[in-house]
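The first chain written gets the first letter, and so on, giving A, B, C, D, E and F; residue counts start at 1 in each chain.
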Amino acid sequence: MKLLVINPNISHDVTRLIEDEARRSARPGSILTMATAPFGVAYIETRAEAQIGGYAAMQIAAEQHDQHDAVIVAAFGDPGLPALREMLPIPVAGMTESALVCACQQGSRFSVIAISQRIQSWYRETIASYGFSERLASIRALDDPLAHIGRVQQDQGDRLVTLAERAVQDDGADVLILAGAPLAGLARSVSHRLPVPALDGVTCAMHQAQAMVDLAPHTPRGGSYSPPPAKDCQGLGEALSALVGRQPLAAQRA
Amino acid sequence: MKLLVINPNISHDVTRLIEDEARRSARPGSILTMATAPFGVAYIETRAEAQIGGYAAMQIAAEQHDQHDAVIVAAFGDPGLPALREMLPIPVAGMTESALVCACQQGSRFSVIAISQRIQSWYRETIASYGFSERLASIRALDDPLAHIGRVQQDQGDRLVTLAERAVQDDGADVLILAGAPLAGLARSVSHRLPVPALDGVTCAMHQAQAMVDLAPHTPRGGSYSPPPAKDCQGLGEALSALVGRQPLAAQRA
Amino acid sequence: MKLLVINPNISHDVTRLIEDEARRSARPGSILTMATAPFGVAYIETRAEAQIGGYAAMQIAAEQHDQHDAVIVAAFGDPGLPALREMLPIPVAGMTESALVCACQQGSRFSVIAISQRIQSWYRETIASYGFSERLASIRALDDPLAHIGRVQQDQGDRLVTLAERAVQDDGADVLILAGAPLAGLARSVSHRLPVPALDGVTCAMHQAQAMVDLAPHTPRGGSYSPPPAKDCQGLGEALSALVGRQPLAAQRA
Amino acid sequence: MKLLVINPNISHDVTRLIEDEARRSARPGSILTMATAPFGVAYIETRAEAQIGGYAAMQIAAEQHDQHDAVIVAAFGDPGLPALREMLPIPVAGMTESALVCACQQGSRFSVIAISQRIQSWYRETIASYGFSERLASIRALDDPLAHIGRVQQDQGDRLVTLAERAVQDDGADVLILAGAPLAGLARSVSHRLPVPALDGVTCAMHQAQAMVDLAPHTPRGGSYSPPPAKDCQGLGEALSALVGRQPLAAQRA
Amino acid sequence: MKLLVINPNISHDVTRLIEDEARRSARPGSILTMATAPFGVAYIETRAEAQIGGYAAMQIAAEQHDQHDAVIVAAFGDPGLPALREMLPIPVAGMTESALVCACQQGSRFSVIAISQRIQSWYRETIASYGFSERLASIRALDDPLAHIGRVQQDQGDRLVTLAERAVQDDGADVLILAGAPLAGLARSVSHRLPVPALDGVTCAMHQAQAMVDLAPHTPRGGSYSPPPAKDCQGLGEALSALVGRQPLAAQRA
Amino acid sequence: MKLLVINPNISHDVTRLIEDEARRSARPGSILTMATAPFGVAYIETRAEAQIGGYAAMQIAAEQHDQHDAVIVAAFGDPGLPALREMLPIPVAGMTESALVCACQQGSRFSVIAISQRIQSWYRETIASYGFSERLASIRALDDPLAHIGRVQQDQGDRLVTLAERAVQDDGADVLILAGAPLAGLARSVSHRLPVPALDGVTCAMHQAQAMVDLAPHTPRGGSYSPPPAKDCQGLGEALSALVGRQPLAAQRA
């Protein structure tokens, strides 16, 4: 199967991190296409940045989903995930959602370990939007600004492990989610130091995406995830227009 | 005070409807600037369309908020509202949020009357994201596809009133919200026919925006609505880049 | 417009604090009538005191609402608010409810800073009764008994600021509500020292009450906030009887 | 043990209904004192009437609780219950709360059968305030205005049974609560006609009150149900002042 | 009345503790039958142990409920309670559920004091399954492994009291539940040292069970607690088979 | 990988249905071991039957999990799932949990189509115990008693499809879960007739179990899913004793 992995941010460093980790979870025969947002920010910490990244993911998905079997939105917080799921005829997985569903199958409550204080609100609201708040034991985050987003694991690995241990000891976490694409691979490299299973969003998204291709759900004709009703649109580019709209009457006539 | 009213969609007809209704709620001295999205769809029914409209609203807000005292996002469902609120130094009101807070002050539970079946899920999720689900008595919506988005009040007025009456009688609504920018003005024109107060998102947003300007909250230095930490960005346009990012190092050096 | 501001407690000192702050938020042409409860307690910390204050507010409102355009219940916790809203033909605002709806439009989560440990439960239950618990980051309160209810701002101002800072730093508050009529004016005087917007219940209630008069909702004929069905009553005084009851048959015949 | 049963309304007819039913659940040696509100309304359907009835219950309880072992608030909706529980040194039971806790021990979900459409909102909000909403299957109510509050069982018995049957069949109720003091005794007289256990608030309150006397909880010195901190008060009458306040300084000096 | 008290565990020491405490709450004429699980574990800390204990309680209840008026499941966490309530024609009380309903009638929020860290998750999930999570202030538990389950009160009494005090002071508990059958009697012996009422699950279950016998609910013919529909079964023993199944056709024919 | 599929019921017919459907989702190299409960009932509709089936599943899992890579509990409602997950050193999947997490990745809200009215409460409580109630649009169930549990698809297929269509149209389901092991295969055979994706618990459990083996979580040393602390036990059989207990001291000495 062919999987389109979208980094909704402009950081090619992070795309490489994601790819390295994703390849470890690709089954024989699964082929990855990596895509990096052509516009946006380096990484997403806020609702504003997620709004941008979500739109960038829509553009990439519209242009490149063809000839793929599933799409992965590879930023924690899943920017644009519901939008992509509505408009694409193939399954879409997100790093957060996938990590949450894997976590729910390994324990009652999970904690999220995050790379910045600011990012917590966006994560909390994403988790709430999925209806998983009851199972969230805590979010714990690094205090200091990141020196370099591509080196956070090397620079802050020990502190992230300490936060994870406190989440188990003090917050009652049964499972840990090491969150954020910049942490791709950390769960694997430190899991032996942690008392409970530690999950990586990229890995979980790979497994869930492949499982959804196996499930082969058909594109809905009803419900709120059937394709958006065609309507006038402009300025969206050809690929996105083809999925969510029709050209305005004037344009159509022209 | 000066208010920037953003229609996150491309429909100038609907912008005119919004303006007509908004002017009725402008206090003496309040001046409106109307803006219509340069790209996007005719009106928003889905998560995908909201993702687009939210990004369009960010672009407009970034470019035009200067020299205004507050911004109104004038589509029900409030596309981009949290993003705008994070990045702008002035208050931001949304049609849905404003209607909800006005409704909460007039009764215990409210119903939303909507223009299409499909639109209900997006509305429901927006209301849930604000934590107001407990107070939602029901959403009731027209069954048939809209012939023309700018004439829905004339074409479907009586059916909308019937839906509203059933929401009071059968669902226990204390307040009605006639939802969607295309219904701007309907609450005013039919309120005498309805047994409980009926609210219009545009009107509520005007009153709440002006009240927030009166409150004059300062821009936060902390919390999750302080300005997004500056980070590398590209392709966002000058105005938006100035608010959410800094140019990538390469670009900066160039 | 004419606003009736009811202090549901017997403390004329606090009524003066409320009036001073309220006048700052009165628009040109808005006229205030201040009323102090003729019976009750000095300030409300408990459910029992709120039950008393709510009944006192009903008596005052019944007697004085005539020739006013809106009523404000000026004690945090909003004693009697739902009762007044049901029985009066004009809008009614409460300090807590108004502060909550203003806070919700400035951030995702808010904290309440309160004047005594004991008062927290009543506040928490009031906020829960409005369905806003999800957005409450924390309640933090002074530890020591108040020496004088009219001088709490002078005596405890710095400690209240410290509590507010901790609510932002440790509890994740995006907005602060400095709660209780005895703190009227504090938000204004200390807001420059606080990292996030700080709200004052009196000010918020003034803005929301004036906005509701602008909205001009009609008195409902249906729903659960239409006037209480007339029924036998006794001992309620003339004004209240006229709103919630009819004299018992015997009395009517006499 | 001696139980003080307070009808927070002025209807002596209903007090007699309550007494008849309560006596059936009095254990040998349990003695009842019946009290009827000296002021208020005939029966409570609204938040406004509950605010009045709660204050009346406080007055009666303050004056008469002495030499009793427990108090029962005998109106469905439990007007004043939290207030009484805070201020009295003896256990206090309420018809709604008692029925809910008995229902929870007999099934997963319960329905409430009520005497008027209007009364539903107040019941729903009372149940929510106890945190029992998840277990509420439905509230079903008579449609027509009551001809005589003291004869509702005779006049409407069959219709109440029909509502109860539909609650089991269509709403998934495991237990029925026939609500409202005017229905005292109905559960007993129709239970053989109903497919699931039917509860009567008076009976449940009697059993729970007697069980709480058996439990003999001590008066708390801490927590939010310890006696309200003494503070200035006026106009509350001698008995209530003694429980919730102290006379104002001026009065004390006089 | 005759009460069957089931210890779903194999520890006769704990059964004796339960019996000693239960006898203090037996009314004149109430007769206790004590039963100890013939298979299972010493005490229940986990979901796995509760699954075992619940099945053991079913076996005992099936065999011995005859000629009793009510059953008490005497392990905190109520293993098997819903199962027993479905299949038995008499009322069934559980230690946790009974303590919760008693606590709810004495305050707004309660804390649970527990004998081990591990046990907290099972308790938390039990309380959530009843829909009481909103009223749970906290669970606090002993840190160290228990030396002897029958001597935990003597060995750890002071530490349990300290945990209880912190629950009131720091977590806002109005009522304390000293949880677990091995703590039977502790609430009574230390209540004078605690600032708020302290409840014992055994005592509460005794009072609630006797109250339910007084209520005399009939066995439901409908709803989800009517007897399980008869179906093929095997290997359950004669008594349990008679309640939940019928012998497989083959067995019936044989 | 080797998967142990446990039917917690005694019906070999249903085990065959499960096996047929499970084989279709086995990846090349995945090997299934089927197990049928040696004691219990024909199929599970009630909490009582689930308590039995959960204990049976524990027994089977204890005896046979060795030399497998994961376990599947193959009854909708997941009897014993948390218990197995605590005590086994390998991943455990359940039909309900797996279907829920697959459904959540294909839409916002799902409906469950069930084989009997009675079974709904148990399903509803299972879903609630996972914290997924917010996303449950409805449960719809067949009205009539089943003639033969192994032929329900043939006998009732069209009625099940009708229920499914109504769940989409009237309840707002984005995804359908055709629930219960006796419906294994139905989703596949009727999905072309349904407007939204239809899921089968067996298939979902197969995919999730295999994904969890891929994830290879280590056995926790902490948190509430680490192995139950060893304690005295008796009568559990050798295999289960080895997992949850230690022999009582007396037995150990003997």
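For the reader, a short list of remarks on this structure follows.
Methods note: a residue touches a chain if its C-beta (ideal position, glycine included) is under 8 Å from a C-beta of that chain, and two chains touch if they have at least 3 such contacts.
Not measured: the values here are computed from a predicted model.
Of all chains in the assembly, those touching chain E and also chain F are A, D.
Hopping across touching chains, the smallest step count from chain A to chain F is 1. Between the Cα centres of chain B and chain C there is a gap of 28 Å. Separating the CA-averaged centres of chain A and chain E is a span of 44 Å.
Separation between the centroids of chain B and chain E, computed from CA atoms only, is 52 Å. For chain B, residues touching at least two other chains, in rising order: 82, 108-109, 120-121, 125, 128, 134, 172, 174, 224. Taken as a contact graph, the chains fit none of the simple arrangements: neither line, ring, star nor complete graph. Under the contact rule stated at the top, the pairs of chains that touch are A-B, A-C, A-E, A-F, B-C, B-D, B-F, C-D, C-E, D-E, D-F, E-F. Interface residues of chain A facing chain B in the complex, by the touch rule stated above, are 10-11, 38-43, 45-52, 54-55, 58, 80, 82-84, 86-87, 116, 118, 120-122, 125, 128-129, 145, 224, 228-229, 231-236, 240, 243-245, 248.
Residue ranges of chain D in contact with chain F, taken from their complex: 108-109, 134, 172, 174. Those residues of chain A that touch chain C in the complex are listed here as 120-121, 125, 128. The touching residues of chain B, counted against chain C in their complex, run 25, 27, 82, 85, 91, 93, 97-98, 101-102, 104-109, 130-132, 134-135, 168-169, 172-175, 191-192, 195-197, 199, 203-204, 207-208, 210-212, 214-215, 217-218, 220-226.
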